[in-house]
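Have a look at the structure below, then the notes.
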């Protein structure tokens, strides 16, 4: 095991709610990155955002994934320029979005706000039973636009995973050929997942982390696993694991191997809880956070204040490139 | 927020039926358009039709989409030359139709009536449950024919959205490569939509506007949302919104972001109602209108008279290119 | 002979210096043009410039072909924006230039000034003995930029004509595939031409006109043949022809068949001579003129005045599309 | 004329050796750049090097172009790591070099030192009579490596210009397709140039600037024209022009139009003369400098000291993006 | 300077004929190699031959390059099986040859003797004035055959260098794409070289080393420079350099930068001189040797004895991978 200083994962042992332990992140120079991926990732990790090898990403793909419903809490957020301005003023590492929002707005922020082009997406309207996220853009689009990374959603466990893997294969090959870092949104989905503890359970999230890692993700975006009574329906030994939230997330980070981990914000939660989540994620070895609704559903001044606090936390985890 | 003069969208508040307020349209020089899209769009917006940055489009794809049934109210309309002549004499910004009507008639109007080549379509014969509109032409066809834009129908919410998005991806890439403006007919469809307030409801139309914007539409053709008791089945907060028709449409225009908005005429309605719809659409920030049956189902003299009235209204909204 | 009303070309007969005779131009609907070429050509012939089926084109490729030396007479002309502004304010049918001047400036004039993208060019520095003009752009570039025609220089008679014809073949095929009008700069060149009366002689210009026509030019740009004592070295019967300048040019126009003819201005000449040339060209059946140095080597006010006069003359030759 | 504040170029008039006049640089937002070129150029112009829209580039292609002979004055410079370290420590805007030096060293500087991949080159061994610089890399190589621009040498006036233009065409198309800024090394060469005032004369450099601009250079690297008695052999009116060095360079910058200008250092010269050249170049409207031998032929401490002084000068010319 | 322990190259100074000084080789993990090149190179450097990061290569392309004339000294050597057996029994790191000898014999040694597929070659029959070595195989051939590297001859300084560079570009791109180590035979050739000290002079060999490095060689095969009176015709400062053979070779190795160096054997020489050359090469920082005629022109027992001695020497220079 490369990360030899890490303690063996304890199972079923009570641990204090907060740990002073900090687990290391994968080191950039051991990831086998070619020069293009290295140059672009270092730009995100060191030259923008909080720096020091951390990531603070603002996603704005919810208009496609959830519909305009997400913009009601803060009507200003309906205009994509709001999120661009927030990313710019809040000095985010990057903004992540689909081709339409890139073509129509990015030219005014090019060179100031790094771009992660999300390459596939879908609406939430039809059933998720056969969840599959078709392409909305290509790696060549990302190159043409001057993006620094691409994003791809894999629905781990979906009955449509065969089409998904094949579609991902082409994206992965192109991202390798053109030196473009590949960030995988690894989401458990489908009825089989529903029967095995649900999409938020540790079994599902842990498996999703490993799948993204095995298929070639440079970075993997994960949700924090949520313990619930449905865990009992997970395959053994997940059904009997008693891990603290932090231990559970550490487990997931380890399953992601040398794929860097980005933590999702999910639905809007309170300030304190949010900042605690940032710290716990970084302690567990995450490389950064990708919070959307938790930021742009707030008025801008509020969002910027919270962003500054997150900058402060992430900078505590700064480390030199290698 | 760029549109800083726009008031926050009010929710559940009664407003007067007519508003003297005019919302601005997106400005052409901020859309990130390359020179070819710019040259062709400006041709439609300024050199033909009412000009001043507005659009008045005559669609004649109903023979494919609905069948010859639509031509019974005005038997002359069965001959595509009728619509071409109407577009020519009525000085429309463009005529929109499929490849067959382009190949067989356009050569006689080339240079006089700008062409929008519709690139996909279907019949209304089989069930719409898996609505999907296959390609009938290509962007290269449009270039070869001397068209100034292409049109593509996305059935937002259809279970077939994965095939639809992938087909659209190729069209979008080609339209970008060849500098051809891309107009999206954004139509909610499918059983899931039916269960969420129906395809005319604000939830559906609003989502469709955003999907077209996120996927890269330069222009999006939308139906006016229609309030009904089915709205109660929409996802929150749509199920409790109380918006005037104009507020509802303004909301939809905002969801379309920097994609210019064309308003559909839909089924034939009365003159006064029609002209009121034009004015309300333009007040809400639309760029123009695309009325078919409401025009060519009338005798030509009648249609031309109505067209002249619409010219008059649209010219009230003229603005310089930048 | 289609132009049955034209008198047989008289040879060796003295004619008055000015003729009241006007020869017709080829009619657009007899050229076998596909819809794209038709739409674009009609835009140049009817919707811009003097209209009425005439052309008034401003070329600015001399910076490449001759070098900045051509800009000394009018230092303002060194900035390509000068020519764009002149084309815009002077309401030219189109501006003709290379890819660099298109990419960097055309976006500000798109939709206002039609673009003819010149597709090949060379410098005047190395010897012209093997004159060949390599590609600087492609028909797809022209489509992408929203151009309405492409231009190609053929050096008729050059020892490099085999490479030239093959390169032209590809351009011609692409322009056909994409419906882009093809304008040929037909220039006699090379030592063989020098020995047969020189590049300005009737033999050379007449042959060049026919070559462009045979190879598929939609429009051919020709120089006015210049009679000189070198004509005696031309092949028979050119060596003994005694044609007035107008007869000679009429001969050349006839050799161009159904390729429309544009007349070059060449080096700067006096106002009166220039306008007389315009009228004589149109009388001889030319479709329009392409004058560069004669216009932009003058101060703008002067150039615009002269342009207005040319508009006036060309409008005398207006005719309906078909 | 866009640069309306610029005085007409005076000819044959004595001017003071130093001028307080500063000519403006082209503004980035008027260059018609797509988002990728914009993002990458702004990175070089604002996020690295002296910033403020200026460029300070370190080239290290002399090992190929001249051979190891150039490294004798400073033996440390034989190791490419020397130049990389100098670019890094001296905070250059970018380093410019060929594929071999990129593949073997750049991975250690990726993210810190922006890369300009030089795409063609040749040795100085065979005769320059038919000067032609074959490809050594591709635009896709540059994308894969994470470069921010590509460089291409055109030998203006060479008898091989036909091959050169055609090779350049492919590079230009790829750079456009992939959003990669294109820097042209515009070098007059060949016997025809030798007979027209030589490759350092104003005629040659001025023509080269315009050729690069016409063919589509985003940035053009130029040598300072050098007045000599050979100027008398230049074509008129260059043979009689009496311009100060600064006036001559201003003329060249104007011929480059909206292509940004980089000034070459050429052979090693004294400190004071070098810094004076920087200031004069920027006064004339250049965007930056590209000095190689003048820096890396010095011991590192010396080179860094000089670099700091150049930073200081360039920062005096800082201006916001637009 | 990375190799900070290296003394500055002394110029014109006498040094002892033998030096106890050993210069380091480039370290494998700093070469920017992708995983395929790394895996294949490490196989040659560590798992076959003398190991320890050294190379002992047996070339048998002389039958093409020189003709069967080279096989007269040892008639057994005419049968390619002789060299294969020698490579096998002598435990060479690899055998280097053309496609014909690979197709017909390698299958019997596959897995035992690593293969370097030579990809271009020519006969010695026509004049070398325009020396150019056309392709005889491809990188895909090498993959198909299970080769561990490919070889390519560049004739540095040949008038045909433009075609050579372009051909090499394709080979280099393919070797990068397929992870195949690329060994360049860097040979000075052509009349210009003949006039600048000849192809064996330090100027020529030094320039050739740098060219291979700049163009992307992973390994470069070089001849030992030979001092002669022709050096006086070399460009300065080569014409006055007074370097010992070892100093001269050290200079060449430095010019090759991070390209590993293989030393050619050239024509057959005496045992003692040969072994001395091996040791001197390794002292100078070479990675290994590639001796053909010096081995297979001897009877096998003799060749194997000499090979064992070279193994012994190379093992003295063993070092761990990183």
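Read from first to last, the chains carry the letters A, B, C, D and E; within each, the first residue is number 1.
We adopt the following convention: contacts are C-beta pairs under 8 Å (C-beta built on N, C-alpha and C of every residue); 3 or more make two chains touch, one makes a residue touch a chain.
Values in this document were obtained by computation on a predicted structure and should not be read as measured data.
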Suppose you hop from chain A to any chain it touches, then on again the same way; how many hops at least until you reach chain C? 2
Quick check on this structure: which chain has its C-alpha centroid closest to the centroid of all protein C-alpha atoms? D
Chain A and chain D share one sequence, so how far apart are they rotationally when you fit their Cα atoms? Give it in degrees, rounded to a multiple of 5. 180
Residue-number overlap at the chain C/chain D interface, same or different (half cut): different
Where the CA atoms of chain B average out and where those of chain D average out, how many Å apart are those spots? 49
Dist(centroid_CA(chain B), centroid_CA(chain E)) in Å evaluates to 68
List the centre-to-centre spacing of chain D and chain E in whole Å, with centres computed as mean CA coordinates. 36
For chain A, residue numbers touching 2 or more other chains are 34-35, 103, 106-107, 177
How are the chains arranged in terms of who touches whom: line, ring, star, complete or other? other
Can you identify all of the chain pairs that touch? A-B, A-D, A-E, B-C, B-D, C-D, D-E
What part of chain D is in contact with chain B in the complex they form? 32, 34-35
For the complex, give me every residue of chain D touching chain E. 61, 63-64, 67-69, 72, 75-76, 78-82, 85, 97-101, 103-108, 121-123, 125-127, 132-138, 141, 163
Parts of chain B lying in touch with chain A, wherever the complex brings them together: 1-3, 8-9, 11, 30-32, 156-159, 161-166, 169, 172-173, 176, 188, 190, 192-193, 196, 203, 206-207, 209-217, 235-238, 251, 254-255, 257-259
Complex contacts: residues of chain B adjacent to chain C: 34-43, 45-47, 102-103, 106-107, 110-112, 115, 140, 143-146, 177-179, 321
